[in-house]
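Submitted below is the structure of interest, expressed as structure tokens.
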């Protein structure tokens, strides 16, 4: 049964329509990727799921419950976490404080120390820098912090919006191995990436979004073979 | 001839600051004008040649702003076509209204603008029932100088607004003339916290602390002295102490503070028109507004009386023609009548041109929660309490 | 003249103490919600009048009334905040300006209502603490410390430490700081921006109102007193760096010192000029407050 | 748009010329003159706020500098009015230059409060100096011709409006200014010198304000620190501009007209309810910000645009 | 002429104790595309900020066509032909895409009519023409990056500094943009390019400079650099090594 089912959602920015009835579903325990050209509506979709943007139409079924237009702080309380585009860490707080904010949720508060240990284990670099002010971290470290902060929320579904953006190749590699590791521990992952090559390698399932609509969906391996996808998104 | 033909009442313009920074005082003047109008109308109106003409007040708010004051004057003169005007609370607004009224030749008496600068301008159509502070400010110093042991030193302060600064200057001039040594003289910004100043000044142990300022500043100064626990022999302020708010806010701490005024509800005056004496006026005022009358309100009512008397003298009936208004000015210049407020007699030359110089300035002191006249001797109700009782022995 | 120095310093600190509580809640509200609240002086005024009437009816020492005043205005703040939230999260326009104009309108309204209800006259809150002072003298050197102002300083220290504790030692504080630094990300962390903002605003109105009651013991109060304190709140907060709480006490003391030194050593006429000039100069040298840490 | 613009300007000019012929009542003439003055002040404030994003909370200081310069030159130096008021504008411009070089480095709320502090400092200075008469203020030779002041004030504001329109809406200068408002760093990379352009706008905003101040001084015949250098001038200009709609020239003008008229009438005929005025004005401001964040003009204009868009969509 | 377009001599940029750029020197010759790579926080953007006048170097000099431009403000540099984009994009959000570009065009074409025509041409070249009348705020991040390029090009610069303009583009879009940059170079513009996408760096640049902790650790042809063990360790990672 699907953990998340997005049904025919539409979103407007003022008068401009960004999503035209997007539908897809994410199975428990899977890693699912959304790919598409820039401006296709991937970020918009993730934000809409979180309640950061109001839906004009459609339903979002999560754990058999419609969470469409639920305020964001309640959505995350249900176990959905978004690692936003551009990291959005709290610049003046220390690394550890950033992580602690992650466990502000009621669902995560009790597991605070356990999760903290887990994050530090996953990202030893963050452990080294726990007292450092977040804004002085390098881009890669900030990305780790953002992921770590998301994990502190003890999510069931983690959504990542272009986590490799602007990172050095060596770090990009690290980020992807972290995502693989997360999936291995049983977390459900919804990933938006422009690094389509690597994404298709780690995702079980993939949807293609074009101009605010899902135009294709399938197993990653199948899509990798699909000539239209290869031409549009892989540069072949 | 002029205005609404056949009008059988006097149309009286009232310009005052009902809002803005000076609304407190503006409302006091309004009460004074209102009370006069009520009283006149209760008696059937102003009697001219045996016939009575009621008065009707038309208000215009100057919002404590000169430009609004000028607009108000313009409206009263051209739209309302008033016969004469009861004037604004503050000197700033008065200075902006006066030229407009000069142009339209409409006489105005203000009951409260007490800054000396107005009278230096020598406006022909502008009069004032309240003498300027430089006229009244010397009396309390004289009273203080006559006490035993005579005070020898003083600190004199003024807040930096037109009225308060003139007050401080007047205090200073008379102190110098009386040979009191001035230890410090300063004009301070409005609203300034004076505690540090006083904490240091207290080391020089001045006999007199004299301060020109507005009500909240006066209260602040007393509280500051109380807090640093310094009691000068005499604490002198100006009109502010006669305001009920002063005693109400300070309670025991207001006791013994000196002030100056030209009118209190206990002053022995004899009125020929309307109220026979200060006491009956005070009672009428309390009845009408449930607020005790002060000198500003009294001066404002007296402004109405001055008009009333001058009109009766020239036998002008409403609406007033330009010639009649001219005659009214001439009559006002000659007027010399006794009222509940004191004698009204406008100067016709010199620095007090058109200000009322018929009054005797008074020295007052807060005694048992009331304003008691303590000088000059011929008016004194009770002896001055001097030196002031230390704060913590009250 | 040197013997006046201790007094000048003490006075600077005591004046500063009052400014701390005038400004600290305001700084907090700015830091979290980015609202320049023109009504800060009006909250102070309302608190002062609440203190005045409660004292008159109950005869209690004003300090004892602080909890009641704080709670009442905390609730008022909770009430007002959604409107401000709405104004500030408007999609278009300049939110800083919009917040400023909104609260400007709010301030006018409050003042108008207060004038109607309380009248124009000045009042004072009697307090037994306002009746005495500590006096020290060593040779020619002397210092007077009014008790009520010392109380004010004590209250300022208490409020400052209390706020520090809340912000840095509680989860609520964590949420508040997160909200201040990145609103959207804070939402993603489960921080309810409206509710948390409401509590912050409530803290601010509560602190300001109790400060008003304190001011009523030291100075006179009137329905028109608000803008005078708004000015000083702005002043301190800008000097401190807007929204930078640790800067507030120092900025407040600096302001206190400028005043006490000008009053005591230089010409009192120039006190206000000096205060404004100081603000201007400091902003030029360090555009984000004396510590350069404003937002 | 060009033709429409000239047509509307001609209509305004015509209206303006005939007003005194129709309005004989000097009180109304005064009220209209004052409304025009506020239009001028709101618009001059808005060119800085709306077009560069800098909220000048010391705008009134330029007004006051103009007023005092005019008064001092006329009273102490015997200058004729026109020369004196232009000198008032020049002094205000000079003030903007001196004040702007350092303050325009500040951003957001800091600039707002720094300019406000500066204005307060200037007010304190006027209270202390001798040449300004201190708290007593200054009186100018009365010249009480409402028609004259109507034409002078109206003409000045009309010229200001046309010049601003050209500079900010027609000439590329306006685009550059907006670019700086949107992103200063980005604008620098485009070859724009933000400091210089901002100073220019600051001066452009100050000079006419000073001239208006000069006209005011001669018109009202009396100035003092609280009425010309207080917060009132700035506060009202801000409120009018925001109420009307920032970042346009028409919005503030409309805002000024409505609020100034409301105010005058309220005072003139309802002054018994004076305190109510504060409550009504305050409420009006607060509500307008909540429900019309783009201001009156922005909201109405937006509605019209939307209606037009909807209309054209339907046609397709 | 013999002068390199850009000559960076021992430039150091320190923030307090942190030397974000540490004694870096290099040349860029006319018509070259030079890649600048290095780990996050290596100082690449900081170096751009120094070259384009946003930061005054703590030490060192910078020459542009042989003239010392050290410490000159950005707007003067824009006038003499240095165009740049920002990693953190800086669009004029409230203006339309066309107006954004017009602001830049005005530098060389001060009349409004000319400017509009030129801006259209630039938008067409960069593929933004269909968005010309949309507000810049409605563009997505990659759209904004493209707008950055358009604005920088509109200055008609002789040296173009591009800071991660490909970040966030998918491989196909990267390919398009790569083509665009090649065309720019063919028009005679010299390009200095920061990019984390090694595919791009390898295919576009004639020469690559590598920074690490502010220091230049390698310089050479793409191939040389990619094989340099220091670069592999600090930047590429073993898996990426070619």
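For clarity, chains are labelled A, B, C, D and E in written order, and residue numbers in each chain start from 1.
To be clear about the criterion, a residue touches a chain if its C-beta (ideal position, glycine included) is under 8 Å from a C-beta of that chain, and two chains touch if they have at least 3 such contacts.
Everything numeric here is computed off the predicted structure, so don't read it as measured data.
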item: Chains touching both chain B and chain C, listed by label; value: D
item: Mutual neighbours - chains that touch chain A and chain C alike; value: none
item: Gap in Å, rounded to a whole number, between the CA centres of chain D and chain A; value: 50
item: Centre distance in Å when chain C and chain E are each reduced to the mean of their C-alpha atoms; value: 48
item: Gap in Å, rounded to a whole number, between the CA centres of chain E and chain B; value: 75
item: Inter-centroid spacing, chain E versus chain D (mean Cα positions, whole Å); value: 43
item: Per-residue overlap in chain A, given as positions that touch at least 2 other chains; value: none
item: Touching two or more other chains - residue numbers and ranges from chain C; value: 115, 269, 272-273
item: Chains that touch, pairwise; value: A-C, A-E, B-C, B-D, C-D, D-E
item: Interfacial residue positions of chain B with respect to chain C in the complex; value: 21, 23-24, 27, 160, 186-189, 191-197, 199-200, 202-203, 215-216, 219-220, 223, 226-229, 243-245, 248-251, 391-392
item: Footprint of chain C on chain D - complex, ascending; value: 49, 53, 55, 102-103, 105-110, 112-114, 116-118, 120-121, 124-125, 128, 231, 235, 238-239, 242, 246, 275-290, 293-294, 298
item: Touching residues (chain side chain C, partner chain A) in the complex; value: 91, 171, 174-175, 177-178, 181-182, 184-193
item: Contact set on chain E toward chain D in their complex; value: 52-54, 73-75, 78-79, 83-84, 86, 90-95, 99-100, 102-104, 106-107, 110-112, 115, 151-152, 155
item: Chain E to chain A touching residues, read off their complex; value: 37-41, 87, 138-143, 164, 167-175, 196, 198, 234-237, 239-240
